[in-house]
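Just passing along the structure, written as C-alpha cells.
Should a chain be cited, it is by its letter among A, B, C, D and E, assigned in written order, with residues numbered from 1 in that chain.
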C-alpha cells in the first residue's frame, strides 16, 4: 500500500476528475475535470517507469554506473500530454462558441439536444 | 508498393491532410482533385492489403525495422511498433475505403466554399487516416493515439456548423465523452504496461494470465470502448453527433464508430481471447439488445429527419453487438451456430455502412434542396426528387431488414445464430426491426409523399453518383449474399473466431 | 464454390435464397394486380376524389406532415417515450454519470 | 497592458525564442526535444499576445497556419525518407555526412552532428508546435472574446 | 434515491481503481522489461542518440509521434474551424 503510494495518488486524481464531471455544472469546470483525469493518467504513466535511485536515460555527461529509469513511459507521457493539450483546446473552443450562442455555460441550460 | 501498402494507406492521408491547406492556397480546383485522389489512393491501398491478407494470411509491417515483414524469433521481444493486419482488420479497412470513396465526392459540392471547405477536407483526411490506422495497428499505445486522432478530427467535423447553436453543443458533449473513453483506454494500457512492460498487442496477449490486474485493465478497456461505440446506455452522444454533423461527414463518423467496435472485438477476441469468461459476452449481448430497442423507440418520437436517421444508425450497432456477442458468450465451446451469428454480426458492419451511408446521403440531399430537416415542414419531395425518394426507400427497407436487401441477409444470420443461444434475443431483435420499419415508413411518407412541392436546384452528379454506388451495393449484397459472405466476411469472422493463434504466430513467430 | 452457393445463404438451420424469394414476391404481386384490376373504374385522377377526406370540409394544401403521422402509434408508446426521453436529458453530467454507473457495473461483473 | 509588461516582453521575447531553439537543437543530446522547445517558443508568442494585444499578430495568422502545415509535411516526409527500408527507418544515423557521426558507447560529452534524422524531425516538430500553439492562442485571443458576439 | 445510487456507483468504481493501483508492483521497482533494456542499451549504437527518450520518441516509436503531431494539427484546425467567421 505505502509502497506504491504514487499510483494511489494518481488514481485519486482520476476519481476526483470523474467526480468533477458528474457533479460540476459549469462547462469550463467540466473541461477542468477532464484535465484532472488526464493529469492523473499522465502521472500514473510516468511513475510506472521510475527505478529507485535512477537517473534520466540520457548519456550526455551522465554519471557512470547509476541505473537509468525506463524511457518508454516518458515518451508515452509526452505523447499523451500533447494529446491532452489538443483535447482541452478544442473543448474550450466549443465552450466559447456555446457561450456566444446561448449566453450561459450552465450544463443544465445547454440542453437544446435532448430526447 | 506491395510490401508498403499497409503503411501507405495510413501515412499518405496523413501527409495529404497536412498538405491540404497549402494546396488550397495554390488553387481550389487542385485541392478538390488532391483530396479525391488521396481518398482513391487509400481505397486502392486497402483493397490491395485486403487481397494480400485474404490470400496469404496475416500481414505484419514493422515500422523502422530492418525489413518490413520481420517476424520475431520465438521468445524474442517486440521492440518497435508493428502494424498487424489480419482478416478482420483488412475487412474494416475495406469498409473505410469504400465509404471514403462515397463520402468525399459527395462533400465536393455539399460543403459550400465560404463555409471553410478546406478545413473540413483537412479534418476528413485526418479522420480517414486515423480510421485506417486504428484498423491496422498492432500496438496498444498506437491504438490509443489513433483513437484520439479520430476523436478530435470527428469532433471538429461535428462542430462544423458553428453558426447554429446546436452543432457546438453536440460537439462539446461528444468531445467530452470521447476524451473520457480515450483516457480510460490509456489507463488500461498503462496497467498492462506496468504489469508486463510491453505494449505490443500480440505479445501481451501471450502474456496475459487472467490475474486481477488483467481484469482491471479489461474493465477499463470495456468501459472506454463501449462509450466510443455508442452502446446503450452510453449512446447519448451518437444521435447528437450524427444529427448535427454535415451529412457528407456523418458517413465518416459512422465508420469511426464501427472501427471502434472493431477495436472492441480486437481487444476481446485477440488480447483477452485466452482468458475471457462468458460474463463479458453476456454484457455485450445485453447492451446490444438495449441499444437496438432504446434507439428504435427513441426514433419514433423524433421531429428532425437527421436525428431520426441517427437513431436508426445507433440501433444497427446493437445488431452487430448481438451477433458478435453470441460468439463471445460461447467462446469456450465454439459451437457452429455461434460462428453463424458472428458472421452475421461482421457482415452487418458492411451492410450498415452502406445502408446508413445512403440514408445520410439522402438526408443531405433533402437538406441541400429544402434547407431544413424538420419533419413538420418537409413533404412532397417525391415529385421533385424521385431518385432520392427511391434511394431513401431502398435504404430504409434494407435498414429494417426487408428481403431481398442486404440488411436481411446479415440479420437472418444473426437471428438464426442467436436463436440457438436463447430465443428471447431473437424476439427482441425482430421487434426492434419492426419498430424501425414503422419509423422509416413514417419518415418516408412524411418527407417524400404528399402534394407536389417545387424544388429549385437540380441535384448535381456529385450527389447522385455516390448514392447510385451505395444503392447498387445494397442490392447486389442482398441478391448474392453467399458470394460476399464466402469471399470477404468469412475470413474476417474466422480471424476473430479461430485466428488468434495465427495473429500471435505472425507477430511473435513459433 | 458452386454457383448456387454464391446465391444462397446457409445459416446452419436452413438456407435463404433471394432469387427464390423474388419469384415468390413476383407471384404475389401478380395476384395483387389481378385483384386490383377488378376494382372500381369510377376513380378519376385530378378531381376532388383524390383529396383527403378531412371531416367533410375542403382544406387548402392538404399536406400531412410526418409529425402528424402515426399519431396513435406514438401515443401508445408515450409512457415508454417519456421514460426514455428522461434518459436523454441533454445534460452532460448525466451522461458522465451513466458512464460511471456502467464502469461500476463492469467492475462488479468482472472482478467479483 | 502596462509599460512594465511590454518592456519585459520586449526583453524576454528573443530570449524565449532562443531558448526554444536551443531546446529543439539539442533534443537528441539533452532533455527536451521538438515538442518542448516548440512549446517554449510558443510561450513567447503568447507573451506578445498578452502584452501587445492580439491585433499586433493578426496579420501573421496565415503565416502561422502555413508554417504548421509545412512542419507537419516535413515530419511526415522525413518518415517517408526511410521508405526504402521501412517507414520511419532512421536511414541517416551512423551513415556519415549530415548528422551521421557515430557516438561512443556510454557517457560522453555529446556531439551535435549525430542521431541521423532525429534533429531534423525535432526541427520539423518544433516549428509545427510553435506555429500550432501560437495559432491556437492567437485564435482564442482574436475570436474567443465577448466583443464579436 | 438516484443520487445515492450514483454515489454508490462512483465509490465502487473509485474503489476498484484504487485496488488496481495497490495491486500493482511496488513503486520504483518496475518489471524487468526487455523493451526498455533495449532502448537504454542500444539507443546509442542504433540511433546514435545520447538521449534515449528522444530516440524512443522519434525512432523506435516515431509513428506514435506522427499520430501525436496529427492530433495537435487536427486540434488547431478544429479550433480554427470552430472560431471562424462565417457569412451566415
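In this section, contacts are C-beta pairs under 8 Å (C-beta built on N, C-alpha and C of every residue); 3 or more make two chains touch, one makes a residue touch a chain.
All figures in this text were calculated on a predicted structure; none of them were measured in a lab.
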- line: chain A and chain D share contacts with B, E
Query: Going by the average position of its CA atoms, which chain sits the greatest distance from chain D?
result: C
Task: Find the most central chain, measuring centrality by the gap between its CA centroid and the centroid of all protein CA atoms shown.
output: B
Query: Is the number of contacting C-beta pairs greater for C-E or for A-E?
result: A-E
Query: Of all chains present, which has the mean Cα position farthest from that of chain A?
result: C
Field: Centre distance in Å when chain B and chain D are each reduced to the mean of their C-alpha atoms
entry: 36
Task: Please compute the C-alpha centroid of chain B, do the same for chain E, then give the distance between them in whole Å.
output: 24
Task: Could you grab the centroid distance between chain A and chain C? Build each centroid from C-alpha atoms only and quote it in angstrom.
output: 45
Statement: chain A touches at least 2 other chains through residues 14, 18, 21-22, 27, 30, 44, 48, 56, 58-60, 70, 72, 76, 78-79, 82-83, 85-87, 89-90, 93-94, 96-97, 110, 112-113, 115
Query: Among the residues of chain C, which are close enough to touch at least two other chains?
result: 85, 88, 92, 96-97, 100-101, 103, 107, 111
- prompt: Tell me, which residues of chain D touch at least two other chains?
  reply: 29-31, 33, 65, 69, 72, 76, 79, 87-88, 90, 103, 106, 108, 110, 129, 133, 136, 139-140, 143-144, 148
Query: For each chain, which other chains does it touch, given as pairs?
result: A-B, A-C, A-D, A-E, B-C, B-D, B-E, C-E, D-E
Statement: Contacts from chain E onto chain A in the complex sit at residues 6, 10, 13-14, 17-18, 20-22, 24-30, 33, 35-36, 39-40, 43-44, 50-53, 55-57, 61, 64-65, 67-68, 71-72, 74-76, 78-79, 82-83
Query: Which positions of chain A touch chain B when the two form their complex?
result: 14, 21, 27, 30, 34, 37-38, 41, 44-45, 48, 70, 72-73, 76, 79-80, 83, 86-87, 90-91, 94-95, 97-98, 101-102, 110, 112-113, 115
Query: For the complex, which residues does chain A have touching chain D?
result: 56, 58-64, 78, 82, 85, 89, 92-93, 96, 100
Message: For a test of understanding, state which residues of chain B touch chain C in their complex under the given definition.
response: 172-173, 176-177, 180, 184, 212, 215-216, 218-219, 222-223, 226-227, 233-234, 236-237, 239, 279-280, 283, 294, 297-298, 300-301, 303, 336-337, 340, 375-380, 403-404, 409, 412-413, 416-417, 419-420, 438, 442-443, 445-447, 450-451, 478-483, 485-486
Task: Could you please specify the touching residues of chain B with respect to chain D in the complex?
output: 4, 7, 11, 14-15, 18-22, 25, 61-68
